[in-house]
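Okay, handing you the structure first.
Labels run A, B, C, D and E following the written order; every chain starts at residue 1.
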Amino acid sequence: MSTAVRVRALTKSFGPRTVLNGLDLDLAPGEFVALIGESGCGKTTLLRLLAGLDSADGGELDAPAERMVVFQEHRLLPWRRVWQNVAIGLPREAAAHALTEVGLGGHLDAWPATLSGGEAQRVALARALVREPRLLLLDEPFAALDALTRIKMQALVRDLVDAHRPAVLLVTHDVDEAILLADRVVALRSGRLAAEHRVDFAGERSRRNPGFDDLRTRLLAELGVAELAEAR
Amino acid sequence: MSTAVRVRALTKSFGPRTVLNGLDLDLAPGEFVALIGESGCGKTTLLRLLAGLDSADGGELDAPAERMVVFQEHRLLPWRRVWQNVAIGLPREAAAHALTEVGLGGHLDAWPATLSGGEAQRVALARALVREPRLLLLDEPFAALDALTRIKMQALVRDLVDAHRPAVLLVTHDVDEAILLADRVVALRSGRLAAEHRVDFAGERSRRNPGFDDLRTRLLAELGVAELAEAR
Amino acid sequence: MTAVFARPAARTRFPYRTVSWLTPVAVLALWEILARTGLLPKQVLPAPSSVLAKAADLIADGELPSNLLASLQRSATGFVIGAILGLGAGLLVGLSKVAEALLDRSIQMVRAVPFLAILPLVIVWFGIGEAGKIFLIALGTAVPLYLTTVLGIRQIDPKLLEMTHIVGLGRAARIRWVVLPGALPSILGGLRLSLTAAWLALVIAETLGADAGLGFMATNAREFLQTDVIVLVVLIYAAIGILCDLVTRLLERRLLRWHPTYARLTA
Amino acid sequence: MTAVFARPAARTRFPYRTVSWLTPVAVLALWEILARTGLLPKQVLPAPSSVLAKAADLIADGELPSNLLASLQRSATGFVIGAILGLGAGLLVGLSKVAEALLDRSIQMVRAVPFLAILPLVIVWFGIGEAGKIFLIALGTAVPLYLTTVLGIRQIDPKLLEMTHIVGLGRAARIRWVVLPGALPSILGGLRLSLTAAWLALVIAETLGADAGLGFMATNAREFLQTDVIVLVVLIYAAIGILCDLVTRLLERRLLRWHPTYARLTA
Amino acid sequence: AGSAGGGASGKVRLTYSTISVPKSRGVLEKTLKDQGIAVEWVGPFPNHAPTLQAVVGGTADFSFGGSTTPADQAILSGADLVYAAWATSNPRTTAILAGAHTGIQKVPDLAGRTVAVNKAGLGEFLLVAALEKYHVPRESVKVTYLNPPEASAAFGAGKIDAWAIWQGFREIAEVQYGARPIFVDGDELDFQIDFSSYLVRRDYAERNADTIRKVISAFQADYEWQNQHYKQALDIGNSVSHYPQPVLDKMASKNVQTKLSLINDEGIAQLQRGADWLTQRKILSGPITIADHAVKL
């Protein structure tokens, strides 16, 4: 099988601090990988390297040129209307369609500054989804969304991924979300991928499935949340 | 009992759109209220009015002058070091202590631009907590944090609230978090508080407690996530 | 406890426009009174009314309009050329470190040289026709626009530029989508300086073989101690200053509607 | 597929400093060559070498240093006064709509009036002593700083101001914590203009009642067709331009270390 | 700024130009001091107009012995100034110069050529008078207004064909550019248009007649010295002007003699004639009666 992303012995330091330290990662085309890890462990740093926005201090990295990123902040152009922020060059209809899908059909002509936190995040999501990249990098794209909206957005991403089959790397703090969406969950710790869990339990992806719950408990333990995992 | 916050028939519109529409709310001193609601329903708008940053279009509002806000974005001054952003006038020791408590004792002298998303959010939290307000307004302060860090921060807030007993209004998308922390959970819908749930089940605040799970299910139903609630 | 009570939608707003015209009008009125009562000797500062009378004369005999027209043509031409050059150089230097290394230092040198000192060179290069005058006006216009364009580009959030990179915009599209709009507040600030610079440069440019123009008029009046014409020229320049500011304010209101601060400005 | 390979930490950086000095040096060299070969007539533009010889003479007999010193004193005094006024007025107008209404239009008027045109009025108001000269220099300095301070304040993120409100900072602390640092990139941009403006104003200020100074030297050289001195003055002004830019760049690097773009600038 | 009345009789405020032989020599100052008058030098000034402004504004008592035309116009514009003294020079050296390779030999050759003059100054007057004398229509000449420094550059670079200019610049053009004079004021015109003059405020003249007499007398003495030591006087000036030696020699060879007088009937008549000539040609904005603006002491 060919790979979409191939990372070997990647290192990245900021001053004295080594954030990524010999990290290896492979993504197959169409594969959906969730990345979890403690705050400040280097998830965004890895995404930026994959996106070609920073250069590594060492190691090898191959990634397709057609990639799209949903940044941790929305990064909307304040001087363009919402629909233009999604379109940026594409026709208005495409943007309107994408915005309707993220539930913002009524905000096409609003200025970004008037959006709520979750609305802005959805616009940024629409901007990435409306283009059909070969690599989709998502940095906590659902963090500012309420439970219901989040479910809808997760379904939307899942559908789009199923349709176009880009490789996806999703950074998330929500273990349930990781299990729900990903083919594989990897945890970043001490600058490398410390653990890897294939989501391959039988049955539906629901907490009622013991396989789900089992993986969930293991992942939370991985993150050091043993007692919480057990508490639930 | 005296009230810390008293809101009556509050309305607020942006252009043709009425976001708050006759909202009533009371907070007793020392009371911890969680506010949930769909993305874009007006939670931040309400917080801004309570913080005195916007003026209402109608209704009455009383709130203490000593209030502190954790905004949905971090709002750190890019030209000041992290510790100064927390201190802003206070001595460095106070800031250093607060930053150590949010797990950033090693970033005192960093520039805000070098922080990760979750780190920046924790600095903003420290900035609010280091001051001892009579009203604490928190707009999704834990959204960018991983599960473990989130638990620590929740405990930290809970401890501080127990010690100084400010009135707290916490906006959150995490129903578990709301139940875990709050005395009362209110849901905003169609411009007013649609439902109110006192967190008064007996026993410990853990999902193993049926009271917890019951309230959780009710709240998720409130938010329209019936199927998910049941799925779990 | 603070209490925020309901306020009617149409709460009284600060009457910016009225107040802003008050100061200039008050100054004129005070000046007229001082002149009438003789506290301000006529040779020192003639009354506004007598200056207006002089203006009426000069308008009647066609001198003022023809001078203004001559200068307007010159400064408009020079402004357009200078604006294009200033903006272009600013974009280049703001976006490319190589261009900055090649151009910036020279521009910083040239802009510090007084026009008066280079007049002989201008003559040698451009002769005594319009070209030299327009060159000076263009130079005066280009410098503030150049500086503020570079300034504006430096202040653009690099995160937005990263985003356009990801979205796959080319260089030209990036300039159109991010660089120009992001630098626009600063560029418009520079425009304010450039618009008046185009007129200020006239005073020196029109010593070069001009026989009409506002600057020519100013120089003559100075040489001949025609105090009323001197004051008239000053008033015309002041009016140009207000006009340039108004134009810029209107542009700001139109082009920076999205900006939380500029959107609240009064023109 | 794009491939980003490991790069050694010390990857070759663009040699900004070297290249940036290349252009001015190349111009000087070309000029010297043109002058030596006689393509550039000596009366119009003497060779740099002969200008330098002239400079050596003037330094030897103390004339150049004393003129520079005289001007330095004047422009420093005028600059300090003008900077305080420009910054102060800019802060006022940037922070208060009432101050804006009262002051801005008048300032926009005054700044459009050419120095040359008001010279007669300056004589009447200030006589021909130092006061009038310092007034002109201060005026020239204040205007760009005023405009860029207002510009800078307008560009500050209102969200940060809200935050300081919440944290309970008073007006003075708010200025110190948010307004000044937030407006600083623009203010330093204005400083660049102001520093040179302080020197440019000399040329006009020192045409009257000055018997020493760079402007005086320039006027005399013009009056008596001392071409080499004229060119020397141009070169001195160019050097001042570079110096002012360097000072500003150093300040930018120091004071704007936090800024993602400015932090990467080369001084 | 001084008081409206002007200096007390014990003190006089004199303006001076960039080159001022009396000031440099210091004799005038001493002469007046011996008579109980302290001199305060105000300046330097580049030309006559701003000194008039300083006198009007009350920061000086005497203008600096400059051109009558701006003084006439200042009076026409309402400045309350009076002539106190006037001077004539001989020979009058202002000239129209033709460029070396232009082939211009005489005034009629100027037709179709570009001539630089300073606006409303000696150069323009001379050109107008020359064209009138040789019946050359003014429209046939391309007159361009340039200040001397720029005109010199234009002349040197061949951008203009002829230049009407006064002493100093004239000699430089002759020495450096090989310019030839084709029309010299003193040789061709039997009347003078513009004179050197000293003006004071009218109220000052009324109260300080004696001081004025003493000051002018001291200036007269200085001019006398300059007439006798013309070359030396030029040398004093050259510490500022730094003319090359050939230029200076050429200037010295003219041996210009200057005669300064308190304003008198002859002065009034001559100044009036010059003013009328200018008024007829619309260079002055209206008619002026010199007698009404002169103090005979």
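Throughout what follows, contacts are C-beta pairs under 8 Å (C-beta built on N, C-alpha and C of every residue); 3 or more make two chains touch, one makes a residue touch a chain.
By chain, UniProt protein names: A, B = ABC transporter ATP-binding protein; C, D = ABC transporter permease subunit.
Just so it is clear, the structure is predicted and the values come from calculations on it, not from any experiment.
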item	value
Steps needed, at minimum, to go from chain D to chain E via contacts	1
Chain whose Cα centroid lies at the greatest distance from that of chain B	E
B-D or C-E - the one linked by more C-beta pairs in contact	C-E
Approximate Å spacing (C-alpha centroids) for the pair chain B, chain E	84
Centroid distance [mean C-alpha coordinates] between chain D and chain A, Å	49
Geometric centre distance via CA averages, chain D-chain C, whole Å	18
Overlap residues in chain D, where contacts from two or more other chains coincide	44, 119-120, 124, 222, 259-260
Residue list for chain A, restricted to those that touch at least two other chains	73
Multi-partner residues of chain E (at least 2 other chains)	53, 56-57, 149, 152-153, 157
Interfacial residue positions of chain A with respect to chain B in the complex	14, 36-40, 43-44, 72-73, 114-119, 122, 139-140, 143-151, 173, 175, 206-208, 220, 223-225, 228, 231-232
Residue numbers on chain C that touch chain E, as the complex places them	42-44, 46, 119-121, 123-124, 127-128, 207-211, 216, 219-220, 222-228
Of all residues in chain E, those that touch chain D in their complex	1-2, 18, 42-46, 50, 53-54, 56-57, 59-60, 148-149, 152-153, 156-157, 168-169, 172, 176-177, 240-243
Touching residues on chain C, where the partner in the complex is chain D	14, 16, 19-24, 27, 44-45, 97-98, 100-106, 108-114, 116-118, 120-121, 124, 144, 147-148, 151, 154-156, 158, 185-186, 189, 192-193, 196, 199-200, 203-204, 215, 218-219, 222, 225, 227, 230-231, 233-234, 237-242, 244-245, 259-262, 265
In the complex, chain C residues that touch chain A	159-160, 162-169, 173, 177-178, 181-182, 184, 256-260
